[in-house]
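In this document, chain identifiers A, B, C and D correspond to the written order of the chains, with residue numbering beginning at 1 in each.
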Amino acid sequence: MNEILVLLVGATLVNYFVLTQLGRLAMLPRLSGKPEIAIGITTGLALTLSSACAYLLYHYLLVPRDLVLLRTPAYMLLIVTAVVLVCAVMQQYAPQQYHLATAFQPLVFINCAVLSATLINDNRADTLADAVFSGLVIAAGFSLMLLLFSAMQERVTVADVPKPFRGAAIALITAGLMSLALMGVASLVPS
Amino acid sequence: MSSASSPVYDFPGGIYPPENKSKSLRGPIRTTALPPQLWVAVTQPGFAMPLLCVQAGEHVDKGQLLARGSDSAGLLVHAPAAGLISSITEHAIPNASNLPELCVVIDTDAADSNWHKLLPLDWRDAAPDLLVERIAAAGICGLGGGGFPTHQKLHAALQQVDTVILNAAECEPFITADEALLREHAADVVTGCLILLQITGANQCLIGIEDNKPAAIAALRQHCTDGRLRVVIIPARYPSGAERQLIQTLTGKEIPSGSLPVHSGILCHNAGTARAIARAVVYGEQLLSRITTLTGAALLEPGNVEVLIGTPVDFLLQQAGVDQQQLSRLFCGGPLMGIELPHAQLPVTKTTNCIIATTQRELPRPPPMQACIRCGLCADVCPVQLLPQQLYWFARSSELEKAEAYHLHDCIECGACAYVCPSHIPLVQYYRSAKADIRDAHARQQRADHAKQRFEVHQQRVALEHAQESRRRTERAALAQPALPAAGNNTSAQDVVAAALARIQAKKAAQASAPTVGKDEPA
Amino acid sequence: MTPDLLLTATLVLLALALVCGSVIAIASMRRPTGNIPLVDRINHLLPQTQCGQCGHPGCKPYAVSIAAGGAINKCPPGGKTTIAALAGLLGVDTLPLDASHGVEGIRKVAYIREPECIGCTKCIQACPVDAILGSAKHMHTVIMSECTGCDLCVAPCPVDCIDMIPAQTPLQRWHWWQPHNQVLIATDRLPRVRV
Amino acid sequence: MSAGPLTSSPHGHQGHSVRQLMLHVLLACVPGTAALVFFFGHGVLFNLVSLVLFALLFEALVLWIRQRPVLPALHDLSAIVTAVLLALALPPTAPWWLCIIAIFFAVVIGKHLYGGLGYNPFNPAMVGYAAVLVAFPVQMTRWLLPQGATTALPGLGEAITIFADGELLQGIDAFTGATALDSFREQQGAQLVSEFLQASPLMGQWSGLGWEWINVGFLFGGLYLLYKRIISWHIPAAVLLALAVFALLFHDSGSSASHGSPLMHLFGGATMIGAFFIATDPVTAATTKHGKLLYGALIGLLIYVIRAFGSYPDGVAFAVLLGNIAAPLIDTFTRPRTVGHAK
């Protein structure tokens, strides 16, 4: 229970370096609709799927065959596959979200890669359930951050920001200040 | 009868601006002298083209019809006094746009004798339709400020409402026209209420009046002998006199967004309108005059006057002893929802309930607006529970879809938000502009969809006609062919191909368009 | 690293790549379904005057050209609003209206000076939305509420009896405008407010 | 008649202005500031004066660079409020350069990069505070010992030396130490709460020595703001209630593992100034009624969590900044029901 709580808090709040990714959101053209939610869903599903597969791959193929060195390339393959697969599923069942997510597909790839890097380096997962759970939680934290960030961006876009700082620049500053704030809770999680 | 039994409900928000009402209530209602010239606006609802019934140079009698609408929905305009029509021209009138509107200019006769009244009716026996017709014939519109033709409102309400509400709240500062009216003419107002009950078949009439008008309440109580009438005293708070807020206060009902009070079984009329209805039915008088408050620190003799429609404002101001040195700004209506007048060369219209001549101190010009600090004071006072500061951001950045999602169209433009805004942001103006933009956008989209549909039907029709035409041509060609067998192989081969193509096309077109076209084009 | 291990590693990676590749291939073979075609979505945003000022014979063809990557600023009747809506849909920057196709003005409708009309029916044929009523040798009239103000009936008229008149009077058109941000000059002081 | 552009209704106004609101806030700061000066001496005043000066300077500079009207913006007093709140948060031993860096972050980065008053998503004072706290932890955690816990506060001369450069003063260690909340956390697990309160020279009746009265001072100021209707009750009430509830939940009846009593948390550290002055900054807070409650409760919870489980001297700054992050989202989810609409 305690570990799960730590994982939850840690993953939701402390992965603030993901915030650097958020700047990209502002650089992309503004689309009608809410791409944040679409990206959040896509990333969440893809990450859960890939972390489950990665766990199975790692424990049932790479470790027994003494091929741990193949970890990174194998994971990358898995992530790409997972993203494409999730997109296909979304296309079937949530075409509107899919439409938004495809515009940001490169971003989804990068997010998944960055987030799974944390997962992999962490390697806390002892069971398959743990792997799936941490994938979900990290994605949930990421989605929450996206939502918070986009709600803030909505305010900032109508602000009277000095010309040189409009757009991506102020988005990065916002992300920076967000991570400054998150440092307050960073010390909560034993590293 | 008793007000004790009537519960009073609450509505959210509201403000308590200084009332400034006592000044204009010191004396009785005065009658002004006959002005030398009247400018009678013949504006129709929705700025539709009025149909004029008189010509320049013609002499009109008091009560003679000047103009009407192009259909039954229009508003009749009568001559407020006898005189010669010197011209019919566009003239500035009190309106927000400051654009001139068509006015009939009457040079009044000093000897103002006979009034062409309508026949008095015995309303107790009259059929509702007849009464509504009479109200239309008297040219009555909402005197509270809306100016919507009363007969239109009543048409929609026939057999639809169970409660008539008389709006005597008069919550805006400075305005005392209804209060003065009730003090002196409560009997007429009560008769008006009874006529409204007779027309609508409603079973009760609630008279909503703010608790800061004890004399008017006493006068009303004295005349309310009918059991269906109830005087309900409501706490003084702006905007308790706004239609939906008054209904909420008196009945506890919220009128659903986008629907009219009539759809909830409620009809709301202003006290002045009720009096005009009574005068029209009982005495056959057309709406030729109204009670208007003249007030403001720049007037030496503020008060309420019974004024002919079309009387120039500067004439009224002179009668009330205006101090031109002190006069800073002029307003028509109250300080919260009224309009600022560019000058005094404007006529009184049927909706002019108050003229305020202010000094610099009384209602100073707004200081320059500052940035919104999201203090939320505006949200606290909003009677509709909107989020004014969010709407402001959306309106400012023209995010119309979001403004719509935050229910901008439910804003009643009461001005409470801007009244309390510490940054002095003209919020209401932002909302008005955004609302108009949204309306325009919707109208555009509707026009586009309509045009698209018509264009598609048009295309189908054209295709069908082409197909029929080419079929006829091939048929004619086929008939003509035996007569010209030796005209050349080339031509006939081409004809055959063309005919075949045409047939295919015709079949296709017929298949594609048959069902729709069949319906739309009976020919 | 032994050659044996290298071989296994290569094989495993190859097999993995094969599996992943085929999954991706299967996934991407599915065709998009349930989406409204882009052309229709663009067409929905156009004003449907069918005026042809953009250089295309109607709004739909213009929508097709936009969907194929054409410029979004060629529609004068739609003006700024339409350009902004298109930019939002397509995720591109807004552009000012291309003045070579016309300028944005107030909405107009055609008006036939009836005494001058000779009843030639040429305008009826030109009207894309069948908004002109009349028959041969009888004077024609425009159904105002159906007219899109496309201007196409003006040129064919042999006696020049068609005017384009504003669809609304100034009073009908008027509405409040957004307050200007009153920018103070640097030496200005705010009026003193009593505390 | 005076000529001028015609304006849209309403034409009347209540007469409040931003400047007035800010004046009231400054006035309400007085009792708490007085207590702070009494317990920690001249350093507080140095911070106040230097921060106000530099805040005005930076604000004027930015506006001048942006070619915006300078005087009206200075006239609204918002920069001074930011500077005062930041000054009250900085330790009295802060050297001048720390003050400048902090106020630069507050006014320039926290406020003007977003367009100035009204546009900043983060509380400028707390941006400044958090930035220097993260960058200069040593200087930022070195507080003076309060009056009563030490023989004497630094005199005027010594205070000037500290302000000029803290390291120059010989024997500065005699004056300085951790704050009460810090020292409580460090001893955690060793003593019962009541024992620590009695034993530690840093502790007073219910909370840190001096800090109790400083908080009482800010509480009075806050009540004044409430009375004047400058702030609404929602945010402070929610902050204090959430903090008290969580402190009570984990109070563990004052055992050695306890994270402190509710009273200790309510009257310790920056609780009252945070609840009444900082969290209520309207620009960065949630604006709907329910949103304000939620926002306040979130801040209260975060203050407690950071104090109890984190490693910073106090949680208010970070809690407020995290609350700021959540505020826009909270607003979108707590829209009131418009009259005439179903929920």
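We take it that a contact is a pair of C-beta atoms (placed from the backbone, for glycine too) under 8 Å apart; a residue touches a chain by one contact, two chains touch by 3 or more.
Not measured: the values here are computed from a predicted model.
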Ask   = If you tally contacts for every chain pair, which pair is highest?
value = B-D
Request  = Among all other chains, pick the one whose mean CA position is farthest from the mean CA position of subunit A.
outcome  = B
Query = Which whole number of Å gives the spacing of the CA centres of subunit B and subunit C?
reply = 34
Query = Between subunit A and subunit B, what is the gap in Å from one C-alpha centre to the other?
reply = 55
Ask   = Distance-wise, how many Å sit between the C-alpha centres of subunit A and subunit C, to the nearest whole number?
value = 37
Query = Which parts of subunit C, given as residue numbers and ranges, touch two or more other chains?
reply = 176, 179, 184, 188, 190, 193
Key: Multi-partner residues of subunit B (at least 2 other chains)   = 96, 367-368, 371, 396, 426, 429, 432
Two or more partner chains touched - positions in subunit D = 8, 17, 20, 72, 76, 115-116, 119, 331
Key: Of subunit B, residues touching subunit C in the complex   = 46-47, 96-97, 99, 101, 367-369, 395-396, 426, 429-430, 432-434, 436, 441, 444, 447-452, 454-455, 457-458, 461
Task = Can you check the complex and tell me which residues of subunit A touch subunit C?
result = 28-32, 57, 61-62, 65-67, 69-70, 73-74, 77-78, 80-81, 84-85, 87-88, 91-92, 95, 99, 103
Inquiry  = Per the contact definition, I'd like the list of subunit D residues that touch subunit A in the complex.
reply    = 66, 109-110, 112-116, 119, 121-122, 127, 130-131, 134, 302, 305-306, 309-312, 315, 317-319, 321-322, 324-326, 328-329, 331-332
Key: subunit A residues touching subunit D - in the complex, by the definition given at the top   = 147-148, 151-152, 154-156, 159-162, 165, 170, 173-174, 177-178, 180-185, 187-188
Query = Residues of subunit C touching subunit B in their complex?
reply = 43-44, 46-50, 58-59, 81, 127-131, 146, 148, 169-172, 174-179, 181-182, 184, 188, 190-191, 193
